[in-house]
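So, here's a batch of structures to check.
Same chain, two partners: chain A is paired with chain B first, then with chain C.
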Partner chain A sequence: MSTDMKKEFTSQELYFIALVPGIIAILMVKFYHPVTPIAVILIWPAFLSGANAVRSVARYGLGTGTASIGYWGTAVGATIAFISQFINPAYNFVSPYFEILSALIVGAVTGICAQRIIKMKIPVMIRDSAILASSTAIIAMFLLGMLTEYSASVTTVDAYITYPLIYIATTLAILHPFNGSMGAGENQRRTLRLSAVEASMTTALFGLIALLFSEALFFTGISVIIVSAAGFVIFVKRWFSAVKEDTYEFAWTGYPPAEH
Partner chain B sequence: MLPLLGAALSGLLAFLAGIFEDSESNAGSASNPNSQVQLAPQIGHRHRYFNKAISGEPPANALWVTTAATVAVLLSVRLEAMGTLYSVILSSVIGALVSALLLGLYGILAHISRIASMRTFRQPLYWDAIFSALPLGISFGFLTAFSLTLLSFTAGMMLNNPFSVPLIALLLGITIGSIGSATGDIHYGAERLYQHYMFGSGIPIAKQGDIDIKGEYGYRNSVDTPYFTLRFGAMVTAFAFGLLIFLDSLSRVFDFAGVWTSVIVELGIILIIFIVTVRLEKYTRDKYGPFMR
Partner chain C sequence: MEPVTAFFAIILGGVLVGICVHFIPASATGAMSAATGIATGPSMLSAGAGMAGLLSASYSIDSGLSVVLASGATASALMVALTILSGNIANAFGTGVPPASGQTASGQSITGKSTKDAISGWDQKPYISPGTDGHGMPVQTNFSGLIGAFIGGTGGALVLFAVYTLLVPILRQDAAFTISGFIAGGVFLINCVLPAYTLVGKTEGMFDQKIRKTPKTLVSCFIVSSVIAMIIYIAAVVIQ
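Coming up: the complex of A and B.
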């Protein structure tokens, strides 16, 4: 039996589900860093929103361009999160709203360029470019906050060594759910469940990075890894139940029947 | 003397990384050949290949190498008491292990989810097709990440590259993925998957997905592929990447114009490569002409 859903989440619904908990998670880490392991749970919807935006655009037949959309969106979102280090500390209160809104605007502008200049003819391009950039900005802001907000003397610049990993790990976690599920039988339910699996994998990786980044983040790192591992187990079970319903046949070994 | 040693070591590590990277991507049918493996069930060729659809080779390798390098840099600071050399080597091993674990997880998730999407074309999910090829891919992935992490440290510590080690690793990962995809894939895609067509005839759209699914004995699997590509495709990838890194490293050996030395040397190298490739292509086209049936 196929698991094709009657009703799918729209990009706007998923973005709203990502935006509100995402901002709460960033503020939690910013104002009371010990709650980071709980805040990690609130950041996972941002991965789902980003992955859904990739899916929404790539379903118009992009094929190998799926990866490009992932880079592109994360390049906008993560870069804006990284340049927030140049905000004067006196205006720190504008963060993270300024970055998230800026990513939304710049993402929309790149979408307009794709539509009007490159003429990609993808009707959802502007909307989903904006959502993708903003979702990845939320993720990057959170990861930077997790690594630096534990002390007033540590700024995001001190975490510059982790910028490349934040960029590429977020890119893969965003683009892979749809790319890894591509095919005639792909459906939103299984893709989003795979996205949740990869969101927990990514936050577990940054738990390890936090563990190594500073001795002050030892317990934060350990607890983020434990929470992410628990999420990973739950999400893998949910994803695999969808796989079992969607797969034609499971076999330990053998030859394809019609070919042999 | 140290920069010259660094250039030689960089070339060696890059050459080794090229062999491992191409073999890793071929053990999982990644990158360009992946499109053909993906299309095969749609035209009735149900297969036993490992469909490791993580992404294109450049971003995937960038993730493996950047993960390994970031973990290694942070860990090497903690292990500094052991001495620089030992701390770098030990932390690079642990960093590469973390990235190998990540590669394994992404590989399993990608294969299973892609096969689940092939229900319409009655493609079964063979567990042994994934679990026999996966350890091979993870091993090659570990060796790639380890080699390139050491190469990033070499570039930073011996060749005075101004970028941070994880950023060098990100750039190296993207570069090796691009070279593996452009150079190595031909010998898996065109020579192996389409070996029942005449080599050099190209792969027109009408033939896409019509891949060779049977091997020397039984059905072909993804362990057979590196066995084939290691003979030539991996070596060509290694040569291309190794030469690129070695020539680039050489620009840091000389010092005759201050900070502009490396810029002048790089421009000279690019000019020589450009002239050689244009002449080679012209000679080849004049001598052999277009493909004739």
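Coming up: the complex of A and C.
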């Protein structure tokens, strides 16, 4: 497999690519909401980092299934993002650092429990649990920030009705890329490209939610949908070309029908 | 409930959620009637039962702690009972196999070398299909599932009530109510995946040998729940 021989991104590399733009994106939507369409592009790497963490851990065989680790990761990240919403606004300066650090700690502690107490033999458990939880916290914080407009008095606490959607949409975007690509010939390139497709779909969905959520978010919603749709077209083409390449290679690994 | 009491209630609730997973019979290969247990992963099934409990508990949030706990526990138990009943109907009339415990039939369950159901006294061995590890949910497995769901529902409802108590003084009631529900759901999901690591995708409940691994779950869930409770406490009480 030629694709397998290509160098893969490490979890740390992807997390760094997710963390820095992710924090910038959250700060952008918090302090200057009109730039949300640009910030949307910066949040996509967090989806890739989360999907890669699921891939990294689930490849070892968890015994719980890929879906469970996705649900767990988002449970940590999104729960901590939701917890942060009732912190006194006077301490707003601690956000998003408090949430990201807390998610890293809870993810790492869970990984340590799984590795040291339950004795799971997964060498990347601690690192990738922490990265998964932190990536989902970045996504949840951003989506919450996107759905608020403080100048129009739409605060993050008002967005509580969107919590279930944030939770489920993030979970599916994180767990599905590996689940949808797994099997013989699964490789990081195809999984990450599918993750990018699902990231743009998720942000487009939240653009639509923003439209419905408040009149103050009309232009935010429209612009986010346009940027996400453009990203979706680009990523789908890239993902589909990877699928075609991999399928082509697989078509000739078995016996052609004429030889049976 | 005092904030400090709520802090410890969140930890206790998280630990109860973790323990409940060991009692609820689940097996992915149960979908093909190839193993005893409800046909799904233990963590997802426990999470489903927990969500049913939280939904029910939330309706009685203004009625006091005891009603909230009872409501959560009974709703979870009802959800698992109905799931087991439906699974057994599908097994008996769809696949054509009777409920039978694989571990008990092979004399490897927690009850020793007996091949009889611990509650009904029915022999399990003649009912096992060749090449399978049991199928459906016999009486002892059903009983274990009910106990597990009762424990999990109580734990989830306890977390819901504790978080709600912490949030009511600082948020609008509707916001506090919804946010505490989601945080309780999150704590449930976090704690029910950890035990699934020890169960490796399959358990017959409290009569399964894997019940001996409960202390590991207890310690793990205690540590993780303590960290989560601390973060909730810091956000709701300290940074206010």
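Note that the second predicted complex is superposed on the first by the 238 of 260 C-alpha atoms of A that agree within 3 Å, B and C clash if a C-alpha of one lies under 4 Å from a C-alpha of the other, contacts with A are read in each partner's own complex, and residues count from 1 in each chain.
Convention: a residue touches a chain if its C-beta (ideal position, glycine included) is under 8 Å from a C-beta of that chain, and two chains touch if they have at least 3 such contacts.
Keep in mind that what you see is a predicted model, and the values were worked out from it rather than measured.
When the two structures are aligned on the shared chain, A:161 is found in touch with chain B and with chain C.
Shared-chain residue A:246: touches chain B; no touch with chain C.
In the overlay built on the shared chain, the residue A:190 is in contact with chain B alone; chain C does not reach it. With both structures placed on the common chain, the touch criterion links A:113 to chain C but leaves chain B unconnected. In the superposition on chain A, A:182 makes contact with chain B only, not with chain C. When the two complexes are superposed, the chain touching more residues of chain A, out of chain B and chain C, is B.
In the superposed model, A:71 makes contact with both chain B and chain C. In the superposition on chain A, contact of A:212 is made with chain B only, not with chain C.
In the three-chain superposition model, chain A touches both chain B and chain C at residues 63-64, 67, 71, 160-161, 163-164, 167. Contact residues on chain A toward chain B in their complex (touch as defined above): 2, 63-64, 66-67, 70-71, 160-165, 167-169, 171-172, 175-176, 179-186, 190, 194, 197-198, 201, 205, 208-209, 212-213, 239-240, 242-243, 246-256, 258-259. Partner chain A is touched in their complex by these residues of chain C: 28, 41-44, 47, 167, 170-172, 175, 178-179, 182-183, 185-187, 189-190, 193-194, 196-201, 216-217, 219-220, 223-224, 227-228, 231-232, 235-236, 239-240.
Contacts from chain A toward chain C in the complex involve residues 62-65, 67-69, 71-72, 75-76, 78-80, 82-88, 91, 94, 102, 105-106, 109-110, 113-114, 117-120, 157-158, 160-161, 163-164, 167. For chain B in complex with chain A, the touching residues are 35, 38, 42, 44-48, 53-56, 59-60, 62-63, 66-67, 70-71, 73-75, 78, 98, 102, 105-106, 109-110, 112-128, 164-167, 169-170, 173, 213, 218-219.
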